[in-house]
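Letters A, B, C and D mark the chains as written, and numbering starts fresh at 1 in each.
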Amino acid sequence: MSGVKIVTIGGGSSYTPELVEGFIKRYEELPVRELWLVDIEEGKEKLDIVSSLARRMVEKAGVPIEIHTTLDRREALPGADFVTTQIRVGLLDARIKDERIPLSHGCMGQETNGAGGMFKGLRTVPVILDIDKDIEELCPDAWLINFANPSGMVTEAVLRYGRKNKKVVGLCNVPIGMEMAVAKDFGIDHSKVRIDFAGLNHMVFGLNVYVEGKNVTKTVVDRMAKGLFNGSPKNIQDVEWVSEFVKGLGIIPCGYHRYYFLGKEMLEKELAEFSKGETRAEVVKRLEKDLFELYKDPNLDIKPPQLEKRGGAYYSDAACRLISSIYNDRGDIQPVNTMNNGAITGIPADSAVEISCVITKDGPKPITVGELPVAVNGIVQQIKSFERTTIEAALTGDYNTALVAMTINPLVPSQTIGKVLLDELLEAHKKYLPNFKEYFESR
Amino acid sequence: MSGVKIVTIGGGSSYTPELVEGFIKRYEELPVRELWLVDIEEGKEKLDIVSSLARRMVEKAGVPIEIHTTLDRREALPGADFVTTQIRVGLLDARIKDERIPLSHGCMGQETNGAGGMFKGLRTVPVILDIDKDIEELCPDAWLINFANPSGMVTEAVLRYGRKNKKVVGLCNVPIGMEMAVAKDFGIDHSKVRIDFAGLNHMVFGLNVYVEGKNVTKTVVDRMAKGLFNGSPKNIQDVEWVSEFVKGLGIIPCGYHRYYFLGKEMLEKELAEFSKGETRAEVVKRLEKDLFELYKDPNLDIKPPQLEKRGGAYYSDAACRLISSIYNDRGDIQPVNTMNNGAITGIPADSAVEISCVITKDGPKPITVGELPVAVNGIVQQIKSFERTTIEAALTGDYNTALVAMTINPLVPSQTIGKVLLDELLEAHKKYLPNFKEYFESR
Amino acid sequence: MSGVKIVTIGGGSSYTPELVEGFIKRYEELPVRELWLVDIEEGKEKLDIVSSLARRMVEKAGVPIEIHTTLDRREALPGADFVTTQIRVGLLDARIKDERIPLSHGCMGQETNGAGGMFKGLRTVPVILDIDKDIEELCPDAWLINFANPSGMVTEAVLRYGRKNKKVVGLCNVPIGMEMAVAKDFGIDHSKVRIDFAGLNHMVFGLNVYVEGKNVTKTVVDRMAKGLFNGSPKNIQDVEWVSEFVKGLGIIPCGYHRYYFLGKEMLEKELAEFSKGETRAEVVKRLEKDLFELYKDPNLDIKPPQLEKRGGAYYSDAACRLISSIYNDRGDIQPVNTMNNGAITGIPADSAVEISCVITKDGPKPITVGELPVAVNGIVQQIKSFERTTIEAALTGDYNTALVAMTINPLVPSQTIGKVLLDELLEAHKKYLPNFKEYFESR
Amino acid sequence: MSGVKIVTIGGGSSYTPELVEGFIKRYEELPVRELWLVDIEEGKEKLDIVSSLARRMVEKAGVPIEIHTTLDRREALPGADFVTTQIRVGLLDARIKDERIPLSHGCMGQETNGAGGMFKGLRTVPVILDIDKDIEELCPDAWLINFANPSGMVTEAVLRYGRKNKKVVGLCNVPIGMEMAVAKDFGIDHSKVRIDFAGLNHMVFGLNVYVEGKNVTKTVVDRMAKGLFNGSPKNIQDVEWVSEFVKGLGIIPCGYHRYYFLGKEMLEKELAEFSKGETRAEVVKRLEKDLFELYKDPNLDIKPPQLEKRGGAYYSDAACRLISSIYNDRGDIQPVNTMNNGAITGIPADSAVEISCVITKDGPKPITVGELPVAVNGIVQQIKSFERTTIEAALTGDYNTALVAMTINPLVPSQTIGKVLLDELLEAHKKYLPNFKEYFESR
């Protein structure tokens, strides 16, 4: 049977209409035959709402994409060409805890790389590995395209502990957002911008920026130093870079780097939100509620513009262009999370990096970077150590390893505070941490 | 002429009697013919006091070591076999500023790896490179044995920008102190302890501990976790490790790791000292004053026991056993700062690392480590990035690079604070930062 | 002034009409304003013939490309965007010696990687480095595109000892020829074939072959094993591969691999040619003579079809598409010789490799390969050792180093024979080996 | 129970008296309690002869070493501290075939790295891996000390496919022989010589030679270049090095390098022996016969001096000093085959290399070498590719892989000849190649 079969795990997500819109727009080049939206029991209501909207969108567009839903991923997987994962283990309530518990102790939560992000990793990694195991059994040649955060950590885990064929790619909207921002700043089309990306997920740098083939890195750095350019996603606090720092760096940091290089200011902003009950997770929860109200409207048959505020802008573009380039063996260049394989000197060959790749039918092939600029190699390696130690804790359920992971996180100021955070977060997420069973029983 | 010629730059240091004692004790195996103590004009008085003591010590011991002094190192260098550097550019007053200025902004000073250490590096690196240039001209085959802090950074700088023959070794008393502490804890002689060291200066880990050939790493870790063992130098605040962290790490951290893993507590202790005018630098300044009073006593002809309190315990042992092993091609194992050359995977081959080496007439040859434990690789790389960026700032005098170095230091919580510290410290040390001339003039 | 300025050193070569045809065909995308053909005094007659033909070709095509000639490259270089080198130091007579002298001792000559190739390297490397020095002075931002064999060795030499900006690319028609052969075998257009190349010049492997995005490597291997497919250039003896070897290898060898894996048979064929006075060099000399007779015809205003027999098929395509992709920042994938930079694990980062690259305005960026297949890593490293040792001999003129280079060449069966070849070849090429002056004088 | 238990597999070997003598001499430092000599049914007679001699030697020496024999290694292994392997699968008759079959086709046999060595590997690797499996079950903490050739290939195989704890060391008498030769040449004791070894088994180089701590490499190179020094084992043909080659190399080749650098002459010598029925294997077979006659003499109670001629001089010294240094955690330096772990840049971290190591209770730790000299890196990598491909063939029994291994061997001049050798040798050794069952059945 011709056409592509896609399975989206966490299909009830508010992002799904973006994805559906992406598939509709690209139907000519990427003929999706079946889109399976999979969710868990707790997500059934949302799944119903989203899948109905998806069906209306497809119908309105007049493309023959079949929308299926199921609560059993094993029903969906057989024959899949691509499996996308956009799950949130513990839903937004878990994220609220990830953010509020650290903040209650004066510490950054940060749902991807901070103490909160560590717990997102502890909850998510084992689930994704289970999905990967099902893929191995039911559709072993399918590409696993992961959006679930922390996306770099998840990719690392699947590369190390998942299928032998390593058919996994981690995606993020940060790099594409940086490209879009440059395009906007130069008043040109996105297709005329190319950035050499290298680093890790939420820890990626633009080493060179090309506009219509001209290397404009220095211009972009200068505009950034003057506060005229800002490539950050909307969900990140807008704290000003110090001009001389940006010039000294000479490459383009991503929005998340503020957490590491402007830690004090970021923390202050987050503490202010915390005290008002307006942490990002809380805001998102309200936004989502509104979105689903919108989605329910039986007259809505396009992606509603309000979705943009949700923060995941360009996810759909990133995902659809990746899937399309793999499907079409396009050989174009895209930034994704994939196995390093020597592309960045000094990072283990078998670790995941976020890097510009040539995308072929055989997946992404990183473009060689060589050594990272000296000034940023350290923090990149630091986060990689944190990611790998967290994965080890996630799989072993070992408390001591978890404390080490927490302590080496650059946003945690001491192991004593780390221990407090660890204990509270473990307790708060107990239900989603089956690998820590022995620890919970031994207390 | 037979016998060894040693030139000690910064010879007026209060540590010199330790060194002299070391040479006396080892005279049989290491026949020092001439010891040249070199200092600068400002250090003349101390140089006179110390050299007189040294002469009395030598005479009392009855060994034919000639003690020479000079204020012109170029007079001393010709024919030298070993040149040791124990300089302190700007003397203790500069160190006091290194410590107090950051603390005045609520930030760790830390005279080796913190903001203060960065400035120690900015002041020291160009001077050592000048010394190395003189060595190249006057005694090109001499070994440069550096004690001046930050010793790892200095070694890195000489390896990258100094003599082609790379005859430089950086020394520190931290590793030997850890061996001594294990020996004491097990109630055995130092010679029966061997530790596999790897990392960077003041960022070194004991990967394995052997006592009489038995791998006792787990025992030492457990004792450390229980607070029964502590390998730290006396000059580091005694904050307790969290038991589970130490067990999770599974290797032996050095005392300085507290600054990174117990940052909050260390900062609190230092702030308390700061408010009492008792930062380490201030305490040391008083200790030194007392020591020099003692040294003046014409009846004193041995190293006075009070020197132990000064903090640099074992420096003499570390230095003399290194020099002796090179001289005698002993082939024994010692931890030093030297070129990595692939010994630690992931760190550039041409960077300095602190590592257990076989010591031969051709200098130290690192024992292969392979990959560092995942959990600590990140922080080691982070410090290496900081060291290299600081060296670049030291040699170029570039303000922006200096701000980047300051910001990526893990003890500096934000680039905004980093900028404040940078500006004040630059001003405070203006006199000792000739490479920043253009910056000072342009303000 | 708009348009591209190209300087072709060795412009009197019989290949030049190919290049001119290439520029004419691509004029829309690559507007060449000036093409400077440079040659030496001995090549003046050929230069006149070729440049006249070039002018007729340009006129017939109706494109405004100015053709200039000069015997002084320093006149041509200022303002150049691209400098192409297609020189043959010592002309074809030198190549005849490169091939006949080894064969006279029962040894493979092989004008690129054998004993003959070594001497081609010894003669060519210093000249190209001189050209690079002139470029540095007169048009430092120009790209040096080298066709002169041994192209990999020349690229290695310029990367290590040439301009700091490393703007050099080495080109060869072997990889493009392999792509063309696959296209022909599958009956499709060249644009639908992509091969992942990795290795060294004349030592390159096709790791994966894609036809319309499908990985057909196994099919190509099987057809090769059955003798149905052969990607070799015409100038290489057609000795049959052993079926099981090709299948065991599992990747696509290039034509030159026969010299290493089918050495005995290749040698027999060459010895037969030698005895008939029909070594490749002698044949080429006759072909060239005929070609220049053709070129003289004032009615000829296109590239004559007889040029195809000359052996350098596709050189023009390879060169023009590379120059065009750099000029247009195309971001397409092409196999070239460039700095490894970690793309192939185990080969020094600063060495030249032949590898599929993304071609941008900043030059080629290798696509990461990781480890070469185990079975071929050894021979690739062997040739790299030979290349680097030959370069060292070329630059130092050291006889002993030259003998080591000769001995480690896999086509030389013993150092005793190596010495005989070395002595005779040195004598034969004395005139072109000024760096060996001391050696010649000391005999 | 105190004392060391050693199990020697292949205990009926004529070398065993050397080993026994070594244990007797070192009884004070290495108190061997039990020595188990294990052999197979076909070796029973020799085992009886050798074990009786061993008992007489022990008794005469008056040391309480118990000598046990068994034909079942699983009886011997429990409780072993060290297991040494000195097996010869197929006995000397197999080696005769390894040498004569290639020579009958005009090709070097070479029982370790040539076509013959490849078959020795094919026969031996699976057997050693079986032994390693038994060790894992019965005495998992024992060190496997392998003498069986090709020792580097065997070590590589056990490191990659054997016990997780990687407690294997490969031994060879070549490096110790080179040290002994230097000692003799300088007229000093062996203990005063140290050589920095790096490379592979039978492909090892002395990078630096120290005599009493002085680097005398240049002197040794010069003496070698003049034919005054020769570090080869007696069993290697004495073909003269070309003086300029040795000087150009600048490091000390081992005896086996003649096969690669003086291939033509070595082959001529071997062909001459072949025609007289005096290949090394045939000579050794006769020597062994004589030795066993001697061993039978009930009055013999020491190692007979005639054993020296056998060729394995210093094996006992190499083995006993290694075992003693591990047992005593001596921390001295010895050349052994062990995991590279980054010590030699460019060779995979998980491959076996022959290298100077610090020997501790935890086994050998290589001293970092960095990059091998450029000229020799290639041939070392070539042999490593051959070793790894041979191991793959040995474990899979794949004919095509075996043909690739045969072809990439530098001593095999073409894949067509390689195929002839492969087919004949497979047939000749059919009985000892159970993994090739499928191939044999399919013919």
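We take it that a contact is a pair of C-beta atoms (placed from the backbone, for glycine too) under 8 Å apart; a residue touches a chain by one contact, two chains touch by 3 or more.
All values reported here derive from a predicted model rather than from experimental measurement.
J.: How many angstrom between the C-alpha centroids of chain D and chain B?
T.: 45
J.: In whole angstrom, what separates the CA-based centres of chain A and chain D?
T.: Each chain's C-alpha centroid was found; their separation is 53 Å.
J.: Two or more other chains touching the same residue: where does that happen in chain C?
T.: Within chain C, no residue touches at least two other chains.
J.: Select the category (line, ring, star, complete, other) that matches the graph of chains linked by touching.
T.: Topology of touching chains reads as a ring, each chain with two neighbours.
J.: Any two chains that touch count here, so list every such pair.
T.: A-B, A-C, B-D, C-D
J.: Please name which positions on chain D make contact with chain B in the complex.
T.: Residue positions touching the partner: 194, 196, 208, 210, 212-215, 328-329, 331-333, 341-345, 349, 358, 360-362, 365-370.
J.: Flag every residue of chain C that touches chain D in the complex, lowest number first.
T.: Contacts found on chain C: 241-242, 244-245, 247-249, 261-265, 346-348, 371, 374-379, 381-386, 388-389, 392, 398-405, 407-408, 410, 413-419.
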